[in-house]
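Read through the structures below before going on.
Shared between the two complexes below is chain A, which pairs with chain B and chain C, respectively.
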Partner chain A sequence: MRLLTHNFLKCNEENCTGGYPLQIKLDDTSSENVKILEQDFNKEFVKNVLSKVDYDVLYNTAKQFGISLLFSYTSQHLEDEGFLNSIHHALFKIHIMEGSLICPQCHVSFPIKDGIPNMLKGN
Partner chain B sequence: MTFSSVFKINFDFIYNDEEVKKNVYLPSSDTFTFIDALENEVDNIPSDVNMVLEMGTGSGYLTLSLYELLKRKNKNVDIFYCVDINKSACNCVKNVLRKNNILNVEIINNDLFNNIRKCEQFDLIMFNPPYVPTEQDEMDTTNIVASYAGGKYGREIILNFLLNVYGYLNKYGVIYILLEKNNKPHEIMNHTHITEKFLCLLLKKKKTLNETIFIYKLKKKVS
Partner chain C sequence: MAPSCTLNRYLLLMAQEHLEFRLPEIKSLLSLFGGQFASSQETYGKSPFWILNIPSEDIARNLMKRTVCAKSIFELWGHGQSPEELYSSLKNYPVEKMVPFLHSDSTYKIKIHTFNKTLTQEEKIKRIDALEFLPFEGKVNLKKPQHVFSVLEDYGLDPNRIPDNPHNIYFGRWIADGQRELIESYSVKKRHFIGNTSMDAGLSFIMANHGKVKENDIVFDPFVGTGGLLIASAHFGAYVYGTDIDYNTVHGLGKATRKNQKWRGPDENIRANLRQYGLEKYYLDVLVSDASKPSWRKGTCFDAIITDPPYGIRESTRRTGSQKEIPKGIEKWYTEEMVPWHPCLKLISNCEQKLSSHTSRRLITMEKVQKFENRDQYSHLLSDHFLPYQGHNSFREKYFSGVTKRIAKEEKSTQE
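The block that comes next holds the complex of A and B.
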């Protein structure tokens, strides 16, 4: 599961408002709970996706994985390949393989197994 | 002697794995009809598509067929999203991707759009839905039954999808959806909830022994 996906996921349990962002908890018993995988850089795609994601959530989540993004950006940064590359890395190259997503509001836990999050109720 | 190698997906896993054969909807005539329609549409698909979503991916046959189609035309998709309520289907997709060394796909074990934020993030959304009319007791499953059980007029899941999809599609995005005659497709596509938001085009109609399949293309009505 990429951080792009994490950015789009929220808690949808009944009566849970404020279930975003979900907290990522890695499975410490797993030998490879996070993977870094290469992905082709497409400048236009990164710029487009930036307009869709919640940047604050991305900033905070990337920090959890040792990536220090710019705290905020301007339209000038959108032409800076260094900046776009850091976004590309954070959104697409970090893969959460084993862990869980925890709702900060109702504390429900959604497991991530082999990179696939299970968002079903009562899983 | 020269060889030209055409890009080809290896779908063997779908047909050889016991768990898949038992628990996942295998490609069938509705799947192939959908692919025919996409083949005819491929020139309308931009050469650079950012994000594609397949709702109800099942075995992954449709997404990977689109992947193959686009690759052969030198068109690029940055990332595919595959969503399915059936965990066995999600695992099947994962395995078929691995066997084909395809990495730019995200899989989510999820019930339609629940838990996904509306960010107008997708350029192309496809759905070959459960379309068989069934009783209520076949609804609310997460196994292979979910691949066909459509409830009343076989369209409960279809309607849920259509009433929610708008906020997930970007301004010039496109939806491809399959409907069957029992769903009363004309009634659905002429309903104000649809006509006020979307332009609808019937791409293909195919009659088989037991079914008549309709493939529709929807675009947002932009002022």
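The block that comes next holds the complex of A and C.
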């Protein structure tokens, strides 16, 4: 699961109203619970996607994985390849392989196995 | 004399397949490229010959880079219902529009195509010779001509009643072919990962075209299965998301669908399917999820949602809740006349595909025209379109009742 996807996911439990963002918990028993994979850099796509993400959530989540993004950005940064590359890295190259997504409100947990989140009945 | 204000007329030669899907595909693609569908022809019906006005050759070429319904496009120089009418029409075509392609430094060839009739070589040559009055100054080159001109003769659609003379004859400059070869190169037969319900390659490209998918879009399929619809969108440069309620399909596990195979191999999953076609970089993520209980937060925006939801006959129907999701453009197959309605969505097209003698399905395309406000949540209840939706169950009953009646008949006849 990429951080881009994490940015769009919320808790889907019936009466839960505050389930965003979901907390990422890695599975410590797994040897490769996070992978960094190459992804072709597409400048236009990164800019396009940046306007759709919740930047604060991205900033905080990236920090969890040791990535220090700019705290905030302006339209000038959109032409800065260095900035766009850091966004590209955070959104696309980090893959959560084994772990779970935990709702901060109702504490339901959605497992991530082999990079794929399971959003069916949380437990 | 000032040149007449001629609209640029083009002749599309359409493939005779998925007849109802053709016009929406062409309209959607023209709209995608800034053109608008304009034609003096009232309807096209079953004919493979469509005359359209297109603002520029660039738009015509862009159309052909996407369409799987059209075989070729020609710049139309003349047409008529008899050779005389054709020649007269050609004589009225502005010479200044012909000259750039006929000058002495150029090379060309003329092809004769006949539809629903075969001509002898001699008959073809006669027709080419009859065009001598055209101001061709270049050299004929049969192997690699710079310009190809075509005469197309329409002998109707009935192979049992071939007329002596064609109904229509067209003459045009060939511009480009469509993308029909994608149907073979993306064929499900050669695909690594398939399921029982994998979508036919041609239809998946038609759906991506109806959905006006373009480069750098994000496309979502909430009933992704083995990812066939995502492949078509990725081919057109979109990044893709998929969800499915079936854990094994999403993970690429379990029993294989192919005849001689027992279990799925390691390269059988959605990502591997994209990798097979060099499209892996467009794979964003897949999730195991119930489409009626989406996990997307407010503000998640997909450029298109393209899907083939279950009809309740090959999978056991699960009764689940319902929530409204508002994407930019959505298409799904529906099995009833009941077309879904929502104030934020405008119906673009509704195409029927026959599946058997008593069943068909509909591909519905809708476009978002209005932003979703909370007050829109229940507006469908006020509309006269709204009837309690019993679609899936009644279709399921009708489908299986047909099957059981047939089995009962067969059993009866074997007993007699």
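The rule we apply is simple: the second predicted complex is superposed on the first by the 121 of 123 C-alpha atoms of A that agree within 3 Å, B and C clash if a C-alpha of one lies under 4 Å from a C-alpha of the other, contacts with A are read in each partner's own complex, and residues count from 1 in each chain.
To be clear about the criterion, contacts are C-beta pairs under 8 Å (C-beta built on N, C-alpha and C of every residue); 3 or more make two chains touch, one makes a residue touch a chain.
Quick caveat, the model's predicted, so the values are computed rather than measured.
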Review point. Fit or clash for chain B plus chain C once both are placed on chain A?
Key: clash
Practice item. Applying the touch criterion given at the start, work out whether A:Lys52 contacts chain B, chain C, both or neither, answering first, second, both or neither. Key: both
Check your understanding: Just chain B (first), just chain C (second), both, or neither: which does A:Leu37 touch?
Key -> first
Practice item. Identify which of the listed stretches of chain C (151-159, 331-339 or 403-411) has C-alpha atoms clashing with chain B after the superposition. Key: 331-339
**Study point:** chain A residues contacted in one complex by chain B, in the other by chain C
**Key:** 1-2, 4-5, 8-12, 20, 39, 42, 44-45, 48-49, 52, 114-120
Revision key, fill the gap. The chain A residues in contact with chain C across the complex are 1-2, 4-5, 8-12, 20, 39-40, 42, 44-45, 48-49, 52, 54, 113-120
Check your understanding: Taking the complex as given, what residues does chain C use to touch chain A?
Key -> 216, 218, 239, 241, 243, 245, 247, 250-251, 281, 284-290, 293-297, 299-301
**Study point:** Residues on chain B engaged by chain A in the complex (per definition of touch)
**Key:** 48, 50-51, 76, 78-79, 81, 85, 87, 90-91, 94, 103-104, 106-111, 114-117, 119-121, 142
Point to revise | Partner chain B, residues of chain A touching it in the complex | key: 1-2, 4-5, 8-12, 20, 37, 39, 42, 44-45, 48-49, 52-53, 92, 110, 114-121
